[in-house]
Amino acid sequence: MKKKWKINEEAESNLIRYAAALLAVLLIGTVLIAVQGENPGTAFAEILKGAFGSKINIGNTLRHTMPCILTAIAAAVAFKSGVNNLGLEGQIYFGALTAAVLGYAFKLPPGVHVIVCLLASGAAGMLYALLPAMLKLIFRVDELISTLMFNFIAVLLTEYITMWWIMGGRGSDGSNAISTPPMAASARLPGLIQGSSASLGIVFALLVAVLVYLFYRYTVKGYELKQVGENIRFARAYGIPVARTFLGIFLMSGFISGLCGGIEMSGSYGSFTAKFITNMGWDGILIAYIARQNPIAIVVVSFLWGALRAGSLQMERMTSLNKLTVNIIQMLFVLFAAIDYKALFDHMRGKYMRSREAG
Amino acid sequence: GKKEESAADRGGSPGETYKACFITDGNLGNDFVDLIWKGFQNLEQEGWEIKCIEATDNSEFADDIRSMASEGYQVIMTWEDNVSQAALNLADEIYKNYPNTHMFLLDTYVDHDKPNCTSVSVDPFESSFVAGFVASKMTQTKTIGWIGHTDVLKIRRFRDGYIAGAAYGDPEVEVVYSFTGDYLDPTKGQEAGSAMIANYPVDIIYQSCYLAGPGVIKACSEGGIKCIGVDDWQGDLDPCVFWSAIKPMDVAVTQVALDYKEGKELPKQMDFNIAAGGAVYDERDLQNIPEELQKEVKQLVEDISTGKVDVYKNFEEYRLEY
Amino acid sequence: MAETDYVLELKNIRKTFGTLVANDNINLRVRRGSVHAVIGENGAGKSTLMNIITDLYEPDGGEILLNGKRIRFKDPMDATRHGIGMVYQEFMVFGDLSVLDNIMMGFEEKKWGIFLNRTKARMRIEEICRDYHFNIPLDARADTLPVAVLQQVEIVKVLYRGADILILDEPTSVLTPQGIQGLFEAIRFLKAIGKTILMITHKLREVFEVADEITVLKNGKVTGNVLPDEVTEEQLANLMVGREVILQAHKLNSRIKSPVLQLQNVSVKENGVQRLKNLNLEVRSGEIVGIAGIAGSGQQQLAGAVVGLTRVEKESRIRIAGIEAQEKSVRERKKMGVGYIPQDRMKEGVNKAGSVWESAVMGYQTVRGFPRKYLLDRKLAEDFTNQIIREYSVKTKGIHEKVINLSGGNIQKLVVGREITLCDKLLVIEDPTRGIDVGAIEFIWEKILRIAAAGAGILLISHELNEVMQLSDRIFVMYNGTLEYGGVHGELKEEEIGLLMTRGGDADEKEMENQ
Amino acid sequence: MQEILLAVISPVVFAGAVRIAAPLIIGSVGGCFTEKSGTFVLAYECFMLIAAFFATWGSYVSGSAVVGSLIAVAVSILVGILFGILVFRFQANGMIVSIALIYGAWAVTTLLLVTIFQVRGSFISPDIISYQTVSIPFLNRVPVLNEVLNNKIGPVYLAFILAGAAYVVMYKTPFGLRLRGVGMNATAAQTAGTNIRRYKWTALIIMCACCGLAGSVIPLSGVSMFTENMTSGRGFLCLAAVLVGGGNPIKTSIVAFLFAYTDALYLTLTSFGLPTQLLSCIPYGAVILVLIVSKLRGRRTAALGTRRSGRRKKLTV
């Protein structure tokens, strides 16, 4: 009975970090907002209102939470096993483009169409992740840098494909946006909350998070993946097929990223537009790190992230503040959450003890 | 029937403060966005309440539009086609919930059937045509250049208008073009300009590169050649900018908003072209060209206005249907 | 006076890691110009103590006297400046740098005040090598060198820095008998010219061979300060582990049956270098086959080839329990019943970042197999871990403790325990007792003998000639990628085998003469 | 087709490359120091962007490009100190701090534009003084070299000098030797008497100073203006150059120059009507190609019996 209530060490240190970071950020945020000549109280109230003020606002929060969860899970899956997949963004782009194209180009029965689009988007993300994975396996090209480069390439390439292959180089309907035709209704995910762009996608995201959590905690494969990430020589010496695992992880990470792109299309956008996101992949990487690659923590942090996002939009609309302020606050949160408070505390305590001894 | 009704409603309450909101995909600080914002500031002078939202991410557009409508903004203007597309997607929903809100899709040429949306364009094709005409008359080397930021449809309107105008002015003149590949980085613009000056005997370059544009202007100034500005009057950036192909969006913005306030019926599309009284150059630039040419330019604008000169003649795909 | 006889004195040195007391008020006095051995069980706190002397760790309490004067070093450099040089258990090498750069790092000769003067440094180092009879290639990259040479590099480095007191942490654990003799010669020579040597070791025989004085540590405390002439090996072992330990393997009678491992014509080429040349070898169930050999002669590749980590050449045939296995993966071979205790246990044997149970069940998921193929049975895994911890007396706070917090010897026990528990057919062991104390060695030897008796075939690869000779039923000597037969248990003498290790068989000798 | 081939070797492209390369080389040469010291920094973009802003401000206020650069360097070092405190002292993960800083830099500079200059997006003023081009007399008489090398701004030449100097420092001085030692095996370096913390800090400060200088060159290379997110990915190219060059200043500079060259080539090639999206991929594709080629070469040396010790914790398959 007692044991049940004991939080494990990891969760405890995570909570300490979040609390400390939130506190610090609130303080600095207050100053930052006050300096810009706005009332911090009002600003924070608007943020809260924007995040949770109404059903619609909660919908918006959920809508922004979805990609955070998926990208962070994709990142965590990779990082847990020592794969530096920084190419989430590129994989999202290809996933999104694929879903959008399948969504407008084919006619399928409603339920099937969405599923096909989402699976295909995952597959596309996976294929795009295959490139750096193969480069690593064949040429030993560090995936850290290759995925970074593939991100830039993906943004340009999807724009190229959309403009020259899909639109034929001309915007015949008069619109100048570089985007695909709208997806069929049968390819769209049903909305979750009327009046907001929250869709069933959030459920998929949660599902993926839970699956990944269960996978690492309760399966043999999950155990093996963890060993590969923490000590590859050990894993290799005891028969875990390292190259295949590496490929598997890369593909899994790519699949989840691609799926994220697909859900964005089916759930929110409805058509692929060139450069449709900025930094979504990086958000995922940050969240994965803050949450120390723990899927449950990822969901929590993503929700916080989504709330901040939705709240900051509200704050921008209602006050003279720019949402860049919130961006800065978010970054400060990351910085503070990145600190290893336990080590810091131990260090300080050690210093104190020593000084007491000396003095 | 419905349309007139709501128009009448709007005119009905004189005491009400009007609120206009600008949702932009590009940030303030760029000439064109600033120009639109200038239109809003004019409205502020008229007693309107104004608000600018710099939406940096596509995921925000829909939320922004919904929220501003729910906050009682009667006029929502969107810029960049991505935002406008989001507005069109939401149009029916907004119409149902907030019938008084009207959305103006700035700088788009899109065809649609939403009663509460109006595309407002100032087609750069005409102003680029005139700029091309001027350049073709001013060039000594019979080679003129154009630099855009990326090879996208919107930017090609500038290029092809310029080419059409140059061909109209002097078929002998050759137009070379290139792209900077980045619309925020002026050093890229500078390098693109320098490369063009080194590679070709150009003596006039027309730039349509957003924030990279000042870099091109700098390169022209360093290379000792002339430059044509874009969007707003850019003669203040460097003396080498002798002409600017302006796009008087500010005038358009103010005017459509006031039209709304007066309860005028708003069309689904409107283009502030020369025929509609739009300007394509700034009066201050006239002194930079020979008197003879000044007359020719005025004549050309007149001819375009009356339809005597068809700027889209060899570029049918750019022709606007309204 | 007597005071100055002691070059180094430690008084009440105390060091704790969290709640664990690694050094508990340790007192130690080292006589000038002597060889002083510090011995003790795994985790007794020897390395910690040495790290305190060189100021890599800061002590929680106590003081250090150098030449009778109380001293507090500011940093390891300061210790070095005061003439204390340490050769660490894990060598402090910069793999990517040349030996020359490795040695002069931190004590560079300078040109015009700011530039490196490699010429001058080289001259000085060559002089040291000449004076102390070392022979090391100064231009080779450090990570291309065998351990024995690296150790010399480490000693030269310490001398180059002007050390008067040399601390050697388990210096012989990686050396062959010949290498050990070489090292001892060097130690005696160093002593002769007035240097003081502080040496950590587990090997009692070595202690008697070179030490002038012995300090025994147990559980962080000093349990004895003795002279070698005054004690017997048994007494010393008693001081260390608290009971009588006699290092003698008691071979059990096991019935040797069908072959579990057959190697035919096995060759390995790595990066164009022929590592193994047409090996033929057979290990039968119930039999321990020992492979002796100096470092770098290909034992690692042999182990790799058997467990599946090293790719063999086309014509090679490996049969495990009668089944062709040369094409099979590590995992498939594991399923066939192959166990493996790698030499580098810290890096290959465990996952230091993970918890104890994670390392303890590695292989369990495939060999015995959890009852459910895809789901991990945590309860079972934990029980299994506890079993190993109990049976092999692994000192740890619990199964969720991080492996990195275990002492080196306990990590070894964990690995050995796991593999012995899991394996039933063929066990490939590299240096099973490297770096562990006598008590544990006795224990592990017994376990190995016991599973052999139970019917497992064992391929024992060890640099410890004594170990090979005591445990093996048949002995082979590896020399430059080939195997020489070294007779059955007790047939050849240590010197004869030692000769085979350094010179190879006659065939090779002839070959060499022909060249 | 012939035109394109001619463009590839035209002096115009090389001249452009030399100019574009300056900030890349300066930044990545700085990065060599942190790379070799074993500190993982991704935040080049952050240091450069913030530096670019303060260079603009400094030049605007003082009327001197050099003063602008100095201020940029100082501010960049300050940000570096923040990084160092978080990573070295508080044990925060270098990658996450880097990413956060990259994000933050964009927001901070944009907000600063508003607070200091009361403008949004971009700041342009005749009071921002750029570096003047330097004419080297003896080059005047050499036809192609004159076009490629002569009449560039001072920092361009400085970049090449820095690369050489960094090489000498790294491989010919005790400082460089110890620095590399720290990165290779920190404990070993410590036992060799190296103060690890001090070397890591020094490397970080050098890197920040270089990135500061690199960032300052961007707005002061002639355009004399600052725009939002002005560095636009240059920091990532610097990072790529450092990783490809393995922290060797000469190799790294060559790689950085290669990126600059592909960029310059792009500007010329767009005139031929090739799709810009594909052309824009060239620098990134080049990074990957260079990586592949360098690894192929690496394999050959590995075959000769050398082994690389992994510095970062990463998967080697």
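Residue numbering begins at 1 within each chain, and the chains themselves are lettered A, B, C and D in the order written.
In this text, a contact is a pair of C-beta atoms (placed from the backbone, for glycine too) under 8 Å apart; a residue touches a chain by one contact, two chains touch by 3 or more.
As the structure is a computational prediction, the values presented were derived from the model and not from experiment.
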> If we look at chain C and chain D, which chains touch each of them?
Replying inline: A
> Across the interfaces A-B and A-D, which one involves more C-beta pairs in contact?
Replying inline: A-D
>> Based on mean C-alpha positions, I'd like to know which chain lies farthest from chain D.
In response: C
>> From the mean C-alpha coordinate of chain A to that of chain B, what's the distance rounded to whole Å?
In response: 36
> In whole angstrom, how far does the Cα centroid of chain B sit from the Cα centroid of chain C?
Replying inline: 76
>> Taking the mean of the C-alpha atoms as each chain's centre, how many Å separate chain A from chain D?
In response: 29
>> Need the CA-centroid distance for the pair chain A / chain C, whole Å please.
In response: 46
> What residues in chain A touch two or more of the other chains?
Replying inline: 163, 322
> Which chain B residues reach two or more other chains?
Replying inline: none
> In chain D, which residues are in touch with two or more of the other chains?
Replying inline: 110, 275, 277, 280
> Pairwise, which chains touch?
Replying inline: A-B, A-C, A-D, B-D, C-D
>> Under the definition above, what is the set of chain C residues touching chain D in their complex?
In response: 54, 56, 75-77, 80-81, 86, 88, 92-97, 101, 104-108, 110, 114-116, 141, 143-144, 271-273
>> With touch defined as at the start, can you tell me which chain D residues reach chain C in the complex?
In response: 168, 172-174, 177-178, 180-181, 184-185, 187-195, 302-309
> Residues of chain A touching chain B in their complex?
Replying inline: 56, 60, 63-64, 67, 163, 170-179, 195-197, 264, 268-271, 273-274, 276-278, 310, 313-314, 316-318, 322-323
>> Applying the document's contact rule, which stretches of chain A touch chain C when the two form their complex?
In response: 218-224, 226-227, 230-231, 233-241, 354, 357
>> Going by the contact rule set out above, which residues of chain B touch chain D in the complex?
In response: 27-30, 33-34, 150-151, 176-182, 184-192, 194-196, 198-200, 211, 214-215, 218-219, 222, 237
